[in-house]
Amino acid sequence: MDRRSFLKATGSSVVLAPAVFSSQANAQDATIQFAGSVPMTGAASETGLNVKFGYDCAVKFINEKMGGVDIGGKKHRVTLNLFDDASDPARATSLIQKQVDEGVNFFLGSFGSNIVLPTCAITEAAGRIMVQAGGGSDLIFTQGRRRVFGLFPRASRQFASTAAMFKTLNPQPQTVMFIYTNDAFSKVSAEGASKELEAAGYKVLNSIALPAQVSDVTDALGTVRAANPDILVCSTHDATSILIARQMVATNTNVKMLYQTLGPQTAAYVEALGKYANGVVGASYWDENAKYKGSIFGSAKDFAEYYRANFNRPLTYHMASGAGCIVAYVEAMKKVGNVTDRNAIRDALAGLDLETFYGRIKFTSQGDGDPVLLGPMVVQRQKGDLAVVYPTEAATAPTLYPALPWQDRT
Amino acid sequence: MTMRIFLLLGTLIVIVLLPQFLAPFHIRVVQLFFFTAALALAWNVMGGLAGYWSFGHTVFIGMGAFAAAHFVAKLGLPAGPLQMIAGIVFGALFCGIVAAIIAYPILRLRGIYFAIAMLGIGQVAAELANNVGWFQGDVGLFLETALPDGVEPERFFYYVFAGLFLFTWMVSLVVMRSRFGYGLLAIREDEDTAKMLGVPTEQIKAFGFTISAVLVGMLGATYAYSLGYFTASSVFRIDFSLNMIIYCLIGGIGTLAGPVVGAALMLLLTQIILGQLLELHLLATGLVVILIVLTLPNGVMGLVGGEAFRRRFSMRAGGKAR
Amino acid sequence: MRDPHFPDRQAMLIIQTALNGLVLGGVYSLAAVGFSLIFGALGIVNLTHGIFVICGAYAAMVLFHVFGIDPFLATVPVAIAFFFIGYAYQRGLIQVAISRASLVASLLVTFGVALIMRNLLQLVFSPDVRTITPSYSFSSLTFGSLRIDIVRLIAVLVSIVFLLLMALVLSKTAFGRRIRATAQQPLAANLSGVNVPHVLGQTFGLGAAFAAASGAVLGIVQPFSPSSEDFWTLNAFIVVVLGGVGSPSGALLGGILLGLISSFTAQFIGPSYTNAVMFLVLVIMLLIRPQGLLGSAFGESR
Amino acid sequence: MAPVKTEMVGVEMSMDAVLVADSLRYAYRGVPAATDISFTLAQGSITALIGANGAGKTTSVKMLAGALLPDGGRILYDGNDVTRLPAHEVVELGVTLVPEGRLVFPALTVRENLQIGATARRASADLDRNMERTFDLFPRLAERRDQYAGTMSGGEQQMLAIGRGLMANPRVLILDEPSLGLSPKIVAQIFALVKRLNGEGISILLVEQNVNQALAIAQFAFVLEKGRVVKSGSGAALMKDPAVREAFLGGL
């Protein structure tokens, strides 16, 4: 990272702090009020902030660029009232209750299933709606809630598209190994993936669980070298992903494909790995090069441009997911023609099937994202950029497989 | 005496009627207050009276929660008030048994070493709960509450926690008034002398530790019920342990009212006043903690208690945890 | 027929694991030595320790990105700066709290400062994970099938240099002698002409300097963010309890022990159990020998 | 015994007073330990402070040494007000307290203990010379110079504590209960040493419960009771005082 981009990145949150407050100020007669919590501090704060920037971006666009959104023949502005839940479920529940009391009808989600679950139980019981992009646990969707929607598929179904991508590789990989962080989301998605891959005929050699805070993976990599899998799948937090990749380079541990669900998309990853990031594959629920477009924001590219022009925090798919939540709400409201009928809006959300900048938004009957339409695309770092390699119809480049050994990467 | 009974009755009436006048959010805040104040009171039995500062009391919150969840799942009890009571009682008992077993070895340690050992035990339990598949601490556990018809969850748990708080308060009161309580105080002032004078320090410490654990386990199991779904990281939180200490210190350690006042003050600050400060609430909380230490070295109760109070209960006297 | 001189795979694995453990242990020792000094000499459980470490890492990152200063070189200015910061912090805040309330009050104060600093770091640097990546970050040494990161190896060497430096300062200089005397008998030291508050401040400053300098090195070894602060405080705690309070050799021993436990657990039981085993060993150690393997370097008075 | 008025002690009359305590007061958290402490230490003298346990002797000398800040009153050294000076600056002026209970640094060697004693600037240049003198005075310490102080006997620790005090080049040496808990033989040695040091020109303030021996070598003595000075006079006079004999010397 050069000096300029460094200063830009460190300055970003300082510059943006006032924006948070101003977004609450412009309340007019016709407004749509969104509320909820995000972890701005604590364990989940990094991704939490990403989602928050997505929410902020959508609100700014709708209010400033579109001058409000036309619902039932009337322009509506959007307000956003978020608080920091500090990654703490107790804090989140009491403050969500506060917003329920204040009459908020439309909630946006926090990040992390152990917060989303208790909070969505409150909104559900109060008959309010939550559209979220931060809780993937199956339990959120399998307990009969009717007013909770997730922009992502539930954890156990998130690997479907990746498994399909493996099928397209040539030569066909034979063996896969897993490293995952031992938390609800990573574990369930790794287990789901493992089952899916075994069913598809791959041999799963080993699954290594890592603690949430890890300072050294040398030993796990020793196991990787000994097992020598074709593909190493890491379902880990971004800091751990960086650590794994760096130590793989340093200890010259090579696999034909390194697949890291979270990490390769982020700026920190590229900053940490430089040229070695090239060839690493990851999951992305959205990419600016995908050919989707919708009535709000326009195309995926337009969203990326608008975001970058107005915000300094490096863009990841979480921003798009956050904005996608608000877009889903607004599209449903447009259909209903008002912003007050909670039941009608819930039904409209449940029935949504519509292309947007984020992709085709369609929920399952239980409220989570459609595993095919809203499942992840597979991306690969190529020549410093992020290329979509699967699904084929959205691909911007072919998959590089097998990847070059670390020392040959440029 | 009659004055006291009236005071107690008055308090009870206020607690019972309060939810009628509060919005659900404030009901939840008061509920959280009952929960955290009871935790601080339970910690205070060992930390405040005996001078044994546990940095890992959250272990009993987690253990209570996990024990309750597995117990009711194992027995396949149908969700309902009976199941909840069974779960909470089992969670409390389980913590009591574990505490009684570890009490003798762990209470041989003093001061900061006891504090760290408890921290370590808390961490071991948290890691095991999270990583041993059987415990399911990583994917999470589910504790369903069957609410009586027409009762909102926040109101229901308000009364549950209010009851547990009063129970903990009564236990603390009885402990402080008893010979046993004076035994704990003697241990805090000078354990070796107390022992030489024939005070059965070993038994007293073990008993105090077990009582404290039972209370915290009971609260932990109930907390798990109130969350509905919890993972190891929801209940094994170091900040629970820290908060118990901080509430006691801020209110006035070793007293009955101190932990309660401390909890009330800090909740008021963090939940209501500073909750809206978005990115600055940690900073504000930190500042408040520092200011209180510098301006009220004996806690809020030291402010109202006068010189005699200070001599008996000041942080200096309790300050053996080096 | 297998060549009898060729070590079989299991033996190599054990050697590699031990090597990894030693290297990791060096890193842990490095991060713990400042905590050890402050805890041992002042009796203060410094919950700001992890903040010093992380601040050191951020400082090294800024120096690296803005001025191109190598993080290993950055340890020097970072240490000097944090000596003064630590001194001012101790005299200006911690000492005031202790004299107004008690030694335990310092626990609360450092806790409060840690909250504030974590919040400030998040505001300034965002909660994102950061790394420092000098050109040599990806090299490793290979001996047969044994492999080791160069960065970690250098970190271990730096760690040993730091520990030696601190051992020398403590045992050979008049300054170190005053620190030890003050730790053992503050009143007698004062009556002997030692300016005790000044020495306490200097001791704290020295501890902060070591913590921050270790952070500058750790920043190359692994990713960091404001929320990794408590990890380093906790680790330092364990290292000190394992090895013994206050002495550099205790920190080294504790760190290496912790590293070995960590790497053998990771290899033979599973990485997710490393923390559980680490803390289990801590508890057992406390029960058997609470003063740590080497005891307190400051005598029995603490 | 009736309290002695301050003017009887004579703050202004003693031209040769090196150290003067004038109406010092101190309370530990509200519990008074010293209510009215006034006495003078004449230049070149041995002066004894005697009194029962809890009479305020240690509190008084800690105030003199700067280890406690008096709640009221004044301390004059060579006529200058030094009441508010901290201990390490008092040492710098030449007043050194060898504290009760010895308080050696247990995990420092004998030599290091002595080196710490020479921390003051007034003493650092003479470190080697003073170390030699201490080893001359206490051959036991010379033998054990590299041993940890914590491993030595009580008598040896007392010698070390006095040696450490001498390392600061004191003009005034305050000894707080130097004979406490020691065998008669060692006590005799220590009293002999006190006389010898006094002979070398050091003014000595001796705090003792061992009243008999203290009065035997002291030119002046002050009697403390419940935090105040109640009697004063020459050592010999007090030895004959019936009240003093009654209180401290078994009534004979």
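Just so it is clear, A, B, C and D label the chains in written order, and each chain counts residues from 1 on its own.
Following the convention adopted for this analysis, a residue touches a chain if its C-beta (ideal position, glycine included) is under 8 Å from a C-beta of that chain, and two chains touch if they have at least 3 such contacts.
Everything quoted here is computed from the prediction, not taken from an experiment.
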Centroid-based (C-alpha) most distant chain relative to subunit B: D
Identity of the most central chain, Cα criterion: C
Approximate Å spacing (C-alpha centroids) for the pair subunit B, subunit D: 51
Mean-CA-position distance for subunit B and subunit A (Å): 37
Centre distance in Å when subunit C and subunit D are each reduced to the mean of their C-alpha atoms: 44
In subunit C, residues with contacts to at least two other chains: 118-119, 122-123, 270, 272, 275
Multi-chain contact residues (two or more partners), subunit A: 13, 17, 40-41, 43, 182, 209, 211
Per-residue multi-chain contacts in subunit B, two or more chains: 127, 130-131, 279, 281-282
List of subunit C residues in touch with subunit B within their complex: 43, 45, 93, 96-97, 100-105, 107-109, 111-116, 118-120, 122-123, 230, 234, 237-238, 241, 270, 272-273, 275-276, 279-280, 282-283, 286-287, 290, 302
Complex contact set, residues of subunit B against subunit C: 53, 105-106, 108-109, 112-113, 116-117, 119-121, 123-124, 127-128, 130-131, 238, 242, 245-246, 249, 279-283, 285-290, 293-294, 297-298, 314-316, 318-319, 321-322
In the complex, subunit C residues that touch subunit A: 9, 13, 16-17, 20, 23-24, 27, 65-66, 118-119, 122-131, 133, 137-140, 142, 147-152, 222-223, 225, 227-228, 231, 262-263, 266-267, 270-272, 274-275
Subunit C to subunit D touching residues, read off their complex: 174, 177-178, 180-181, 184-185, 187-196, 297-301
Residues of subunit B that touch subunit A when the two form their complex: 23-25, 27-29, 32, 127, 130-131, 138-140, 142, 152-154, 223, 227-231, 233-234, 237, 239, 270-271, 275-276, 278-279, 281-282
